[in-house]
Every structure is written in C-alpha cells, then in structure tokens.
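Listed after this line are the structures, all set down as structure tokens.
Across the two complexes that follow, chain A remains constant while its partner is chain B and subsequently chain C.
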Partner chain A sequence: MSDFWFEFVEITQTIGDGLFFGATYALIGIGFTLIFGAMGKLNMTYAAASLAGAYAGLAAFAFVDAPAPVVFLISALASGVLGFVAYLTCFRFIPINNHLAALMASIGGLFFIDEMVVHATDGSPLTFPALFDDVMFDVGPYGVRGDLLFVLAMCVAGTLALLYVLYRTRLGLATRAVSQQDVAAQLCGIDVHRTNATTFVLAGLLGGIAGAMTASAVGVLSPLITVPLTVKGLIVTVIGGLGSIPGAIAAGLLVGGFENFFLYFRGVNERDMYVLLLLFIFLVFRPQGIFGSGADRD
Partner chain B sequence: MSKFKLATIVTALAVAASILALGQPAAAADRTVKIAGWGAKSGPLRSFGVNSEAVLKAAVKSINDSGGVKLGDGTMAKMEFTYYDSACNADQAISVVRKVESQTEALIGIGPTCSGAAAAMYGIFQKKVDDAADTGLQFPILTDTAIRPGLAKKSQWTFRNVPNEITMYDEMFKWLRGRYPDVKTIYGGTETDQAHSRITFAAVIVPMAKKHGFEWVGGGIKEVTGKVAGGMKQVLEVSKSSNWLLADTSFSVQARAFKRSGADMMIVSSHPFTTCGMLKEMRRQRIKPKVLVGLTSSSSAETLKGCGAAAEGMYIPTGFAPITEAAAKVAAAAEANGGAADLHSAAAWENAHIIKQVVEATGVMAKPDTLKADRRKVRDGLEALAKVDGLMGEIGRVQDEGESIKPYVFVQGQSNAWKVVHDPR
Partner chain C sequence: MLELSGLSKHFGGVKAVDELDLTVNEGEIVGLIGPNGSGKSTTINLICGVFGETAGTVRFRGELMNGKPPHQRLRAGLARTFQNIRLFPNLTVWQNLWVAQNSPQDVSARGFLPRWFGATRRTRREIADLLDLADLGHKDDELASNLAFGEQRRLEFARAAATRPRLLLLDEPAAGMNQQEIADLSRRIHRVRDSGVTILLVEHVMELVMGVTEQIAVLNFGRKIAFGTPGEVQRDKAVQEAYLGASDPGDGSA
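Coming up: the complex of A and B.
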C-alpha cells in the first residue's frame, strides 16, 4: 500500500469512526431537543438521568445476571422514572416564564444525580455488558464496529418512533400544541402538565437507551462521563437546531467526525477547541442550527 | 428565702455543675492524639478517599486496641481521627487544611489523596522552618495516595509516604529488558489532563524505558534519554494523537496510532476509567503487543472491576500487594471497612503507625496549651526518621525532600487479579 493510499485510508477511517461514535452524542442530543421542542427549556439533568438509568440496568446485570435486552429495558424504564422526577422537581412548580430558575434547578439536578451515582459506586468504573462488541465488519481496508452500527440504527429507529408519536398520535398533537401556545392548548382542554410530564418520561425512556448504548459502546460506565456527555449533548442540540430531532442526529454525527479529524491532525489537547469553534461558527452564522427554523429563534 | 433568691441559687448551681460536667470530659478528651485525614470522598475519584479512610480507620483501631499512644509524661492516650472531603479539588483541599490547622486540635494531617490538590495545597505552607519572613502554614502533613514525583520538597512541613515511581519504573524496565530480550520497540499514550499520568508517562516511563535500551517508534524523540524529565515535552508532542483525556469515551484514533506504530511494547499511562476504555478498544482492533505496561494508579481494584479481562498481561509496578502477613491483614481490614487497600491507600495504615512512633519518640503532650509545640515536635520527628517498618518491608526516608523509599513489587493482570510476578525486595 502506498504512503498516500495508507494515509487516505487512515484519515477516512478516522472520520468514519467519529461519525459512528457520534451516534451516541446524537442519542443524547435527541433527548435535549425533544424537551426543548416541547417546553422551550433545557433539561440539564438529561444526560445524568440517562447514565443513572444505565447504572440501574447494570445493577440488574450484576445482581440477577439479566441478559442485555433486559438491561437496556431496565435502563430505559429507570431513566423514564428519573425524567418524571426531574420534571416534578425542576420544572413543574416553577413559573413557566421563569426560564432561569428552571435552568438552575435542572443544573442542580444534574449534579445531584451525578453525586448519587458517585456515592453508590464510589466513582469506580464498572464493566457494562457490550452488545456486538466483538463484531467488526471489514469493508476493504476499513473496519466498522458492529456495536456502533447498532447505536446508529437505534438512533434512526428512535427518531422514527418519536416522529410517529409527535405527528400521528393524540399525545404528539397535544405536545405540539403545548409547545406552540400553552395557554391556548389549555383552553382547548389539553392538560399541559400531564403533556409535559409525558414528554419528560418519553425523553427519559429514550435517554435510558442512549445511556446504555453509550456505556455499551465504551464498555465501561463511570460518573466521569456525565458532564462531558451533557456538554456534547448541548453542543449537538444547538448545532442541530434547537427542537429539531433530525438536526440532533446530523449534528451528533458531525461533531463525532469533527472531533476525530482534529484529534488525528492536532492532538487531543486541541481537539475540543475546534469542536467549540464549530459551535461558535454556528451560533454566529447559522444560529438556527442545521435544521432549525430561523423563525423559531428570537 | 424568696422564690427569686431560691431560683437564682438553683440556676447558679446548675450552671456550675454544667461547667464542671463539661470541663471534666474535656480534660480527658484533651489527652487524645488527634489526627485529621482528608481526600476525595465526592466526585468521580471518590474511591481514593473511601479507600484511604477505610484503611486509616482500621489503623487507628489497631493502635487503640493495642493500648494507644504513649505521651511525653507516660500517659497512654487514644488516637482519634476525623476524615474530611476535599473532593480531589485544590481549593477544597486548601480550605480543609486551613480549617484543620486553625480550628481543630489535630497534631497532623493525612491528605489530600490527589496529586493536583496536593501540589496546590503544599504551596500554602511555610517553605523553611523558622523562617520568620514566611507566614505560610505551620502544620505537619503526611500524605498518602498522591503519587506524582517530587511534590513534598515544596515545604519542610510536608511529608509523603508514597511509592517512588522513578525507582520503580527504572527497575521494572531493567527487569523487562532481561525477561523479554526480543522486545525492542515501545509506543504509548497518556491522559494529558491528568498531571500524574502525563508527567509520569513523559518524564519517567518513556525515559526509563529508553534508558534500558527500548526504542521509541512513531516519531523522533532523540533527545529523550534515561534522565528523568529529559525531553518531556517532546514525548508528548510526538505522541499527541495517541493521547486522550480523563473523561474520554472514544479511543479508536489512539488505538490505531498504537497499531500503526507496530511497537513490541505498549504503554497505557492513565487512571482506571480510560485505561479500561483504551484497553477495550485495543482488543476490538485486535492489537496484541508482546508487552503491555500500565500506570501505577491502575494496579487497583477499580481497573479489575472495569476491565479485568482486557487488562490481562499488563505489567505495573506497585508499592502494595497483600503478600506479607501484615499487608494481608490490612487488606482484609480495609475490605471490612468498605474500602480496598491498594498502592495508594495502604500508606494510610503506615502513616498512622508512623505518627504513633513519632509522637512517642518526641514526647508529645497532647494538651491544648502544647498544641503548637506538639505540632512542631511531630514535624521534627518526621524529618528525623531514617526508616520505619512498612507493610511490605522497611521504608526508607529521603529527609531533605520529605519523601519515602518504599519497597515494591511488579504485578501483572492475570485472570481478573493482580498477581505478583517479580519481588525485588
């Protein structure tokens, strides 16, 4: 293999790996964007609750040797419950127009959940059951991780399911109505709080799967990743367009690829600088994100 | 007698009785040897503090069970400890040490558990004893866990009982050289946002490997010699795409850099979480080096919990293994207290016993009015120590640097456990 060809394969493989790993960022971004789309607020507890859900799944694995699908199911259910608790504690009783209070409450919730996990595990990294960990597809000179392909497939499936719920069910209709005009929705007989709570639970269920997927892709679960995953999720949400689910997927993949590209060429110490530069460029030149509507941003 | 007078007398008697009642236990409590411990008990590195506290608790109990500590006037006093949370955070470690020094009767502090916090905290101490112009803290510290090389010499009040990584890696690469004569080349990576991992990798591990004839591949670092810290920046520069951060979750680029190097020996210089992430990715990419070397901090139960199978075959030098009767006893006691004894936390046991030895040797009185003098005696006693008994054998002291020379062994990951494969003691 010539040097040029070798280098070409290396670079494209690097970007490809990043795109696939970006699927985990996309899954987190979808949850952020779903709640923002419904309430116009950021739920900062989201990534922490997703990982806490994954810990619950891991407990099932550790104590009763539950198979991987059950681990994922328990992760989703636990995260759904945490989503409901986060709604009750950080949003339900805070005046709807007080965005800062809700934001600060959810930041508090983020650290509270994280610290609970730290105390339960002493911060130790724990092996998470991997799905298709040993599956590696060799495509010519390239290798594609089977587990990341599965994460990407779950991302797409999750998006389709969410789009179905949002546009083909009464709950989706209510969610969209509340997100557009909550007072008018209430006058039409929609229970705003129940709709919002259901959205949080829905996002939580997806978050639990996202947390379990991320832990499965890394192979290890640790409270160390909560804050970085929250930051990545927020970046993905903004770049994708606040409230846009397809945007979150596109941005997740973009951020993953971008990260790896700059890791390869500039090293790990500069990598995040370029990702933040990408965020800055979007905020300045395309504040509505990739798929967000310009009219929605004021 | 009027009711008012009676009430006044009764109140006065009650107050006097209360003062007497409070005063007597206080006087008894004054004759205890108080020590303060602190470390990360919250945050992602909580295991450091949990383990250190568990071992310290066991050590204090064993001292008290065997009669306590003999004070300067012959009184036998119990040892007491209070453990604070400094969260692996420099600001928090500094505020804890200030509080302990000014608001408690602790004779000495054991902490913090993290190198970064220790480096910052040591900076607020008086550098040279009796320097009237230096108003820094005058309170003795005997640190466990925080292992980054060369920290304690910052102040004459700060001492450490941690393994010497320079000696350990020097000896380990010498041993590996003999054991694997066909292994010629090395490559590796580290978590660059962790000072201990980064500095040990670039200033200790790579130079020591080169000193023993291993050749770095994957970029020119000709200037790096066996001299510690020689060419540290260059090591990090040439290996930049093979490095990662403490909370990274993706290691594909780094693992491919390892694979591309084709090195016989690979070095993963990081703490358990990313060590596991990196080792798992290496396994996915079917990277099988002839020899795998890890950072001292990864020779712990955390790594085994996270990736015992992936760590199979990894060599690490360590200052603790339950291979002596005393070490096995401490390991069991730590487990009973909800922690684990490892190369970091086991030192807390030794520290409590070192403090007992120093208190008895220097005639500490452990009274409130002798607190300042007692703290000074403890400091002087620590400085005067030439050697002490440790869990793995005799611990030597480097008096002018406040550091220890601890016995060590080399362990290897085997069947989800750290097995001692070489014992140079």
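Coming up: the complex of A and C.
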C-alpha cells in the first residue's frame, strides 16, 4: 500500500513538473499561433530567435553580471528585435499569397540564427544562471520547484499582457481586424505592414521570455535546443489549433505533462517519440485542434 | 475631385481597363455601368489602390495617387465597399465601425492605451449616427458574422461612411436586394451625399443606377463607350449595342 502510494505521488509529481514546464511550450506555441493568426503563415525563425534572445540575456549576465529581471528583460527585447528583423527579411516583401516562399525564407532564417549562435559560442553549451536553485515549496506530499513556479508565473503574466493588448487596446483591435480581413483593414486605413510588424515584435518579446525560461529551467543554453524547441512549438500550435491562443496554452500544458509522463515510464530516450505520437493522434482524430473550428482566428 | 486619365490595367494579354478617362466632380453621384467583365470592378480596385495600374494616372483632389497603398488613399478621403462583403467577422457591429472611424491612429504609441480611450462623446455620437444610417442601432453588440446578409451589406456601407470619406466607391451595393431594400439603399446613398460625400456607384441593378445617379459612364471591354445623364445614356446607340450584344465580337451573353 505504501509502495503504491509512493509511486502515485512520484508519478503525479512528475506530471505536475511537466505541466509547469509546459508553460514555456505554451509561450512558444502562442508565438507561432499569433503570427499564424495574423498572416496565415508560419514564422519558423521564432524558436531560434527566442533562444538567441536568451543568449543575449546570458551575455548580459556574463559580462556585466546583470540581475535576473534584467536578464529576462534583455532576452525579451533582443528576441523582439529579431522578430522585427524576421518580419522584414522573410515576410514583408514576399507577396501575401506566396506561403511557400515565406515558409522557406523563415526556415532559412531559423538556420541562419542557429549558425550565428554556433559560431559565437563555438557550439558548446553554456551554463545559464539558475534563478531559484534551491527553493522548494512543500505542498502536502509534493514538492514544487521554485524556478518552475517562477516560469509559470512569468508565462501567465506574459500571456495576460498579450491578451490585454489583443482584446483591450486599439492596437489589438487593429491586429484582429487585419487577421480577420486584411484587404478591408487596409481600406479602413490600417497600415497592414506596421500592424504585422508589431505582431512580430510582440510575439518576439514573449518568445524571449520563453527562451530565457527554458534555459533557466534546463540550466544550460545550447544550439542543440533550437530544433527540438521549434518542433515542440509547432506540435503545440497544431494540437492547440492553428491561430487559437487558448488552444496553444492548453496544448502547451498538455504536451509538457505528457512529456514527463512518458519520461517517467519510458525514459528520456523514448519520450519525444510519444509526444510525436500525440501529434499524430490529434492530426488524425482532431485536426482542427483542441479548441477550434480552424477558421476562427480569434 | 477624382480624375482618371489614360488609366489602364492589363492582366497578361487581357486589357481589363483600357485608356479610361473619367472625371467625377465634387458632390455628384456618378454611376459606372457596363456588361459583366467590362472592367468596372477593376476600375474601383485601381482607384482605391488594391491593384497597381499598368498605365495612366489617378488624381484625387489634385493629388497624384499612383503607387500609394490603400491605407494612404483612405486617409486622403477615398473609401469603398465590396461586391463580396468583407466585414471583420469576429468584431461586433460597433467595433467594425470604430475600427473604420479610428484606424489612422491605431498603430502608434496610443495604440497601447485602453481601447475606449479617446472614444469621446463626439466619436460615440458619430457611431450612433452611423448605426442609425445602417438601421442597426439595436444590434451594436452583435458579432458581424451573426448578422443577416442584408444587415451585413448595410454595415459595410456604414463602415465605409465611418472613415469620413470625401469620395465613396460603392461596388454593386444592390446585388441580391429586393425592391424595398433598393429603395432604402437609394435613400441611404442620398443621405450620405447630402452630408458632403461624392459617390461613384458601380452597379448592375439599373433601377438603382437610373434612379440615383446624375451622371453615368458606360464601360465595355475596358473602354468607356458613353458618358452622360441617365436619359442620354439610355438612348445611346453604342450602349444599347453593348448590352444587347449586337456588335460584340464573341460576347452575346451580356
């Protein structure tokens, strides 16, 4: 009985940790989904730019010993700038109907950013400062890692800020107008390029936070994280339903929880296999995602 | 007010609009008619900047519009409606009008302020007037996608009027309307004109065109074949041929 109880606590603890960590997947997913909602295109540079932002934060920590909040701020800002650059290089001048060209350009952007990071760091992983290394909260039989709690809190704050901008400001109204009917938006006097650029910057800011979160939760920053994070972000976006922000949040947590569930039972080597299986199951049985009619971009 | 000269748009070998000259004076209601595929919608798209022209110029209030994107032309005072309705489906009726009324300031530092900041009593009253114009006062909180077809048309009309245009381009606003709705629409067009807006009306429904316009330009195969008052145009030989297809090479359907 006590063995069973111990195992139960262990499993739920693992899944719980996964849910907390899933908050970073949710943020990455939100970034993909936000841009998909605005332009109907995938910005493949997104996860790479997020991690590059984290590198910028790390540089600030390494060279001037910046405190944690400043590290996150710099990560967010750097990633926001990269978002703007990605918009200019991969989307702004490519005809609106040419989806493949934008996709390929941004995949190129993904590897370009990745290569820059590899060259700047000689390809070796760097230690990212752990924020709350030893802080643990005890909740009944469970322990909650302080850093994961902070990750969750930052993700919630970032998401709330985004939702505020989207649903409570004039800028958000313009953004939603563009995403719902871009031709009519132009003919209502909205500058579509500026609105889209702003969406990229906002997504980038969130991505920078997510990048720094991932790095501080894992403890290291390595170019090797880029592609897996991109894949996780896309999985979250698809499972959540392309263009759906609530979907991306739910799917991020779901993927995080699932990941740790299989980590517990099948080990780290098989973990991602099952996450991809989850994607497969969704694509077959619920291709429109968790929430969503698919067409509803709000 | 609006001056098109030598305006042309070629899609590959097809001359959708060919050397079109047209002048619309301030305060007029001008009709633009012609058989299907004669270049009316293309002309509207050229005027408001959705398409770039192959040749020729678009001048609006003396200012050259060539090369300007649609949002800049709108700010100069050019607004339009669409043949196939293009509302913002997931915004409410009120928000659809608000976006149109306030868009020029949207993406700026003020964009981050709460949405209703700057929704002064004046803008609120203007939107109330527009809701009245569209006869949608009771539905201001409804999502645009939940409106009936006729209501969507009226909202689109009001949304175009909300941008405070000097010239309003109406692209087949009466398509699919019944007698009563056409009468309402013609009253609405007059009401907007009387508030100081010039109107260019592209339309197939002759009842509306003949009843509401003061001048009519007739297009066929991208070229202007007639211009004059409704009476003159109706008596015009070339126009009758274009519509009856008497001397059209290969197009007897119109």
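Just so we're on the same page, the second predicted complex is superposed on the first by the 291 of 298 C-alpha atoms of A that agree within 3 Å, B and C clash if a C-alpha of one lies under 4 Å from a C-alpha of the other, contacts with A are read in each partner's own complex, and residues count from 1 in each chain.
Throughout what follows, a contact is a pair of C-beta atoms (placed from the backbone, for glycine too) under 8 Å apart; a residue touches a chain by one contact, two chains touch by 3 or more.
It should be emphasised that the depicted structure is a prediction, and the values quoted were computed from it without experimental measurement.
K.L.:
Just checking: does A:184 make contact with chain B only, chain C only, both, or neither of them? Give me first, second, both or neither.
P.N.:
second
K.L.:
Would you mind checking which one, chain B or chain C, touches more residues on chain A?
P.N.:
B
K.L.:
In the superposed arrangement, which partner chain does A:89 touch: chain B (first), chain C (second), both, or neither?
P.N.:
neither
K.L.:
Which partner chains sit in contact with A:227 here, chain B, chain C, both or neither? Use first/second/both/neither.
P.N.:
After superposition on chain A, A:227 lies in contact with chain B alone.
K.L.:
For A:263, select first, second, both or neither according to whether it touches chain B, chain C, the two together, or no partner.
P.N.:
In the superposed model, A:263 contacts chain B only, not chain C.
K.L.:
Per the contact definition, I'd like the list of chain C residues that touch chain A in the complex.
P.N.:
The contact residues of chain C facing chain A are 48, 50, 69-71, 74-75, 79-80, 82, 86-91, 95, 98-100, 102-107, 110-115, 117-118, 159, 163.
K.L.:
Could you please specify the touching residues of chain A with respect to chain C in the complex?
P.N.:
165, 168-174, 176-177, 180-181, 183-192, 194-195, 198, 296-298
K.L.:
For the complex, which residues does chain B have touching chain A?
P.N.:
Counting only chain B, the residues touching chain A are 40, 42-47, 50, 192, 240-241, 243-250, 252-254, 256, 260, 272-273, 276-277, 280, 284-285, 301-303, 305-308, 310.
K.L.:
Give the list of chain A residues in touch with chain B in this complex.
P.N.:
10, 13-14, 17-18, 21, 24, 115, 118-119, 122-127, 133-134, 136, 143, 145, 214, 217-220, 222-225, 227-229, 256, 259-260, 263-269, 272
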